[in-house]
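Quick heads-up: structures coming right below.
Here subunit A shows up in two complexes: once beside subunit B, once beside subunit C.
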Partner chain A sequence: MSKGAILIARNNGNIDYVKQSVFLAKRIQHYLEIPVSIITDSEEYLKLNFDYTVFDQIISIPYNETANTRAYNDGTLFYKTADFKNDIRHEVYNLTPYNETLLLDTDYIIANDLLSSCFNSNNDLMLFKSSEDVAKVRNEKEFDYVSDYSIEFYWATVVFFRKTQQNEIFFDLISHIYKNWKHYTRIYQIDSPLFRNDFAFSIAIHIMNGFQKGNFAQPLPGKHLYTTDRDILWNLKDDKMLFLVEKKNYLGEYTAIKTIGQNIHVMNKFSLEREIDRVNNE
Partner chain B sequence: MDERLEKALEFSNYMVTLNNQKRLLKEKYYEDLLYFENGCQFTITKELITFVGTMLSSGNDANIVLIDDNDTPTSITDLAKFYEDILDVYFSASNEYNTKYNELKKKRSIEKLVDIDE
Partner chain C sequence: MSRGIAVLAQNLDSVDYVEQACILAMSLHATNPNSRISIITNDIVPEDYISLFDKVIPIPFGDSAKDSEWKIENRWKIYHASPYEETLVLDTDMLILQDISFWWEFLSQYELYFTSKVLTYRGEAVTSDYYRKTFTANKLPNLYTGAHYFKKTKFSREFYNWMEIITQNWELFYGKFAKENYPGRPSMDVTAAITAKILDCESEITNNKTSFPSFTHMKSQIQNWSNPKSSWQDCVGTYITRNCEIKIGNHLQTGILHYTEDSFVTDTIINRYRLLLNV
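So, the complex of A and B:
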């Protein structure tokens, strides 16, 4: 049975997801020893600027403008508003060349081999449910439930799935939720009109479970550790990462935190790109 | 700033960093305690080790059903090997945790805690 990882890279003028994908693909190959394919609307840019041979397959999709925009922080004192192109994730089921796929955000930095256990798992669909803020100074409740009176929250940052009939229904359902997003924000009491894959996946899991808690999706091994875009990735070397994390009630001040051998979701994409450039220039 | 307050704040920052590093080390330990068998995930606990040890000492060493972290039952065909493996993972993870924890305790500055001066 074929297995591999899939990354989605759709640049927006401010954030270079292609660069992040090339960087992450090398780490996936190193730690998980699986092939990596990329879904991108910037194939030419990829081929002109990077070592595209790192990818098993390049799956080209058409370039689209989007009306979805959001603020991207770079620490606590700076932000930029940019396009937020997140409307292709539910199509990965049809786009992946693999029977067993590990779908990852390009800012999820792999630093160990824990996720390779997914491919031997009995579970056909796995996502992170429990998570931990590396900084531990912010309200983490928003990642327990979709909203105060709503359903359990699942992260769509990393998704393992096999091609099964049930998973095909699941991904088709997410497509349906995407197309009827306004309706589902009302049903599931979601305040923001911005489409979020985490919410769409959580809603789809809730529906597939018969509108109740259940085990349609199982948790990925370990915890989803994350830093937000208000933190800064300061240094990355092999499996070691040094972060400056937001200091509570002290705007512009940070606390240093070091991780070794732990996979981390680095949401500050600007600092991630600075580190990628530094590592590439070493 | 009053020197006494300055020293207290410096120590306070040190403690925040130390506690953060201890917390992340513990999370790493929990990840290291995961063991996979028959497509199932087991977090190795003292309870699991004791139960498997009890089964073995009472002569039950084959086709023992265990329930994994996701409440999925699975039949372990060779319980003696399973026991040996989980003990190995448990002690390896615990020794690593102990070593790293003791290293942390010895570091008396924020710079040393996060290895900035490495």
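So, the complex of A and C:
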């Protein structure tokens, strides 16, 4: 059985997902000891600017524009609006060269070997369902359900899957949901028209479970810890990360929080890139 | 041992509880074809629906709820009126959405059984005591009479005798056992809980470790919503297929659905059941 990790990098002019992918690939190799492949529309940029040999395979996809845009915060006082190219994740089932794939967002920073146990698990599909905000000052209920009246929320940030007939149907279903997103936002009472993989994966899991609670998707090992883009990654060294997390009711002020040996979803991509540059220049 | 469902229905000017009982009977026959259900009522059961019922039974001992708004004064009579040795009592505003025949094996281990754990439409256990402050404040057993079971035994009869006494003297008993968050009107759930306390029999009549028998309780404030509205139907949609499978907010409903809002019963739902069962 071939196994490996897959990262998706589609730059948007403001955020360098290719840079993040190279950085994360090295950490995956270090902590999980598995090969890493990249799906990218920027192969030339990758080869010209980075050590692309870190990747097992480079899977090139055509560059295209998107109408999907969103605001990306850099702490509580600054944001940029940029393209949000998130419409390829459902195609990973067909694009991955591996029988067992760990699909990760490029801003999910690996700092331990916990996820390597996925490959020894009997579960063919695993995602995070429960999560914890490192800052502990925000409403975490928004990640319990897709919306207040809707279905349970699953994170598409990290997905482990095997190539099975059921998972093929699952990814085809996500593709269908993506193509009919407007319809699904209505019937699942999703307020924003913005396509989100977390929502599409959650809807597909709900359907695969027969529109009930079920065990089609199992939880990944560990807990999904995250910082939002209103927090700042201040320092990253080996398995240690120092964050400045948003202080409640004090706009522009932060609290320092240190993590050791924890995988963290670092949603502030600007601060992540600053840290990657600093680490690379050391 | 004869087994069956009993439902007590007394119409109000504004609510046709007999019609609700008829829809409940249709839902039973759609999912449990060999089951029996009897209706206890003094109202007229429409001709089209009579064949759904095993027996149509007049309310015994006269109508004790003639002048009552909530019509619960006759509820204790179900024990005496039921034609079955083992009875599952249901509220009229319920639908049976799956085969529940296996419940009987579980229930027959008890003489009397009340669920103490109900579910949201998402299949989660209800944890909120929004509508049950009296129970929390007075440390009453968290019993739900909406769906409960009894076997005709000495113990069950004693329990129901106490239910009768408390129903007829509810202010006295509620004043003693439910003085915190005192309910302004009689409630069968509170009455059953006080009875259980008097007889000190909670562990013999409920089991909060089992996931069934239970029901989905569609009261708006206990659905784990951050922003509930007064009617749950203003928050989530209902879909019913031609096979009478029901989804609420895209969640397929199973077990027993306690829809609680009379406006839930629409012509669409009635006609789907009538078509399915050729009624």
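In this text, the second predicted complex is superposed on the first by the 282 of 282 C-alpha atoms of A that agree within 3 Å, B and C clash if a C-alpha of one lies under 4 Å from a C-alpha of the other, contacts with A are read in each partner's own complex, and residues count from 1 in each chain.
FYI, a contact is a pair of C-beta atoms (placed from the backbone, for glycine too) under 8 Å apart; a residue touches a chain by one contact, two chains touch by 3 or more.
Note that the structure is a prediction, hence the values are computed from the model and not measured.
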item: Clash or fit (per the criteria above) of subunit B with subunit C on subunit A; value: fit
item: First (subunit B), second (subunit C), both or neither touched by A:N68; value: neither
item: Dominant toucher of subunit A (residue count), subunit B or subunit C; value: B
item: Contacts of A:L225 with subunit B and subunit C, given as first, second, both or neither; value: first
item: Which of subunit B and subunit C A:N120 touches, first, second, both or neither; value: first
item: Cα-centre angle that subunit B and subunit C span when viewed from subunit A, reported as a multiple of 10 degrees; value: 70
item: Touched partner set for A:Y149, first subunit B, second subunit C, both or neither; value: second
item: Touched partner set for A:S175, first subunit B, second subunit C, both or neither; value: neither
item: Closest approach of subunit C to subunit B (Cα atoms, Å); value: 15
item: Contact residues common to both interfaces of subunit A (with subunit B and with subunit C); value: none
item: Of subunit B, residues touching subunit A in the complex; value: 13, 16-17, 20-21, 23-24, 27-28, 30-31, 34, 36, 38-41, 70-72, 110, 113-116
item: Touch list for subunit A against partner subunit C, complex; value: 141, 148-152, 187-189, 206, 210-213
item: In the complex with subunit B, residue positions of subunit A that touch it; value: 112, 114, 117, 120-123, 132, 134-136, 215, 218-219, 221-223, 225, 240, 242, 245, 255-262
item: Subunit C - residues contacting subunit A, complex; value: 122-124, 225-227, 235-237, 247, 249-252, 254
